[in-house]
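Chains: A, B, C and D, in written order; residue numbering restarts at 1 for each.
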């Protein structure tokens, strides 16, 4: 299912060894099967050098983990939006907590992504920054408290009132931006809680990529999302 | 006049040789005289190592040109909000076009400035980024199109409709933030035009610091601001 | 010819539109033909998302344009040495003039590249920085004066004495590092001049990638290199 | 004693609250007394906004903690070498572990410091990086393993063989550069050990600035240095 529908489960492959090359392809194929089975949209965000490999072999949306705010030209080693699009990416993360950008570059990266037909998930670290990002009109804004990232303690169950505040501030500034949340999401219940808090999905990484059985975790998450709708 | 009143003329000393040490003090003294004479608030933003010297000798608000978003600790070479406050600064520029910050750091720098009793002028490069900044609740937001900075072509006369759009977007997101504009401001008419466009003042640098007679330029600007009110 | 032999012609694809995806593959195939024809080693450095595509279809060394100095883990959007190696890269540029790194990160990136079996071409901007880089024991050090990059005015003909000085300083600090030069290289004579100045090859970009006939330019360069040996 | 003599004890004030403003001046005065008493050169490196205050009141060398590699001009919020020199600084730290620079900027910062008559202490994180820095001809190179900074476990007693290796590599590349070491230095014996390992002094911070009695610690260190010569 290539179309992006809501709610969405976005899986960031980070630079884990568990997601490099063929191993990443396996996780992407598992995501595709779960998505086909449940009808829930699952996005995968592999490493830059794996975008082409994975996008050519699965029929779910592949996102880059980062793009740079540049037009084509002399920018050795940077990530051109047009290049990831041609490799098969349908969108990109921007400003992940582990890859924060200068404000003016977030703005420009969103513009460049639109020009290259890439959807944008821009990450934020607190409710105010979430609102700030929504003023730049990305497609999605994913609120992720840095302290919970990678912990397995889910933002949606540990800090429900902060998620609610983030969603409210985002909606006030720009209701067209789709709110997501992330950090510590590792179970179906974490996903269900996120949806009940009025986000339209989750961004996660280790909870799936480092799981013993990524497919089983995704299946549980997608079914939980289904039931919560 | 130490109190910050509106409209405001903020003079950024940058790292011009013309504003180092005693030369910077002279410009600050000229600003003080003009401010006392006209009743218009003039802020000066000297280099970090001149804050103490200038703040101890003039009775107008002295701002830092930058602070770092850190709490006291192990941050060799960075600018601690408490340190510039103790040296005599009453506020600080943040995210100037020549010193752009990561979004999360702008947010944190504004919080840290408040804790150190520093007022904040956060700079933006276009109307959308201006709105984005206002979501973070600084005291002032100064819209400065980078292409006009240092040119002598004034943003307030060359791009009035963009200034108007910036002010509107800022007010919509957060009406408590005071809108300023800057870039190319070098005459009294540039200041008057800025005020007519509903900004509450200007941020400038070379137009005063590199002028043959900085005091004469400031006098003309302050008088022009007075008449426009 | 997959082995890296000297002299070498390294072609940096940058983020030019002319080198994205299939267009980049065409240039790489032209380089492979010239290399097979002349016996001169030609390295191609495509964009990150094209490494897999190109490495799977040509039998010459493919390099990344950049790697990050990280071990596997939580580094969203960064370039893991192991990932580009698994995609087929045999080496990487580091610290290109358009992508300069913190000194400690250059050191760590070289170590990480070795661990991932990637050869390293580290770029420098003047003779002293070239010597500084050689103390870190990369495989190659490419001296490229930033002012000439992309101009078509060749470093090897415009500044022969600076190239000579750079090579001498490099050899003095670490004779095991192979000296290259770059900037403005666009003809066979530029390559020949570089070799006569005791470099063991060139790093170039627009001279080939933006040429009307990249293969013809590479052919002329490789033949010129052959004759100069 | 304003002249820089060897061995040297350099005290980095970092951005500790214990060293802001008048408190920093007190530490600097203690350092001056100890230096006068023992004849050992003590350098103090206060925060940027305290350079003028401290340099005007003590007769020992005051260093900046950082300069930027810029010439005078439009660089809002950055540290101009000429400005810290005019405020009274005699030198500067560069590339401290907490403020690492791009390699080309270290090179340019050293050049700019020389033009502004500032001595340079450039910091390194391992023996190879120390050698790399020495190729750029700073006045001093201070090897500081990041893992020991701020721990109170002294580099000179915990890792003597690495200090020896660093000094050897530095001397091999450029014997004109004065080797220092730092990290965890907090007692006279730590200083003595550093000198016995053929460094010509130490760089430290919390060991003095956060001590209950900074003067007593400095006195013990200076006497220990004296006896070791």
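To be clear about the criterion, contacts are C-beta pairs under 8 Å (C-beta built on N, C-alpha and C of every residue); 3 or more make two chains touch, one makes a residue touch a chain.
Keep in mind that what you see is a predicted model, and the values were worked out from it rather than measured.
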item: Interface residue identity across copies chain C, chain D - same or different by half; value: same
item: Chain of greatest Cα-centre distance to chain B; value: C
item: Centre distance in Å when chain C and chain D are each reduced to the mean of their C-alpha atoms; value: 37
item: Whole-Å gap separating chain A and chain D, where each centre is the average of the chain's CA atoms; value: 45
item: Residue numbers of chain A (touch at least two other chains); value: none
item: Chains that touch, pairwise; value: A-B, A-C, B-D, C-D
item: Contact footprint of chain D on chain B as seen in their complex; value: 12, 14-17, 20-21, 47-53, 64-66, 70, 72-80, 82-84, 86-87, 89, 93, 96-99, 149-150, 205-206
item: Touching residues (chain side chain D, partner chain C) in the complex; value: 95, 100-107, 125-126, 128-129, 131-137, 169, 173
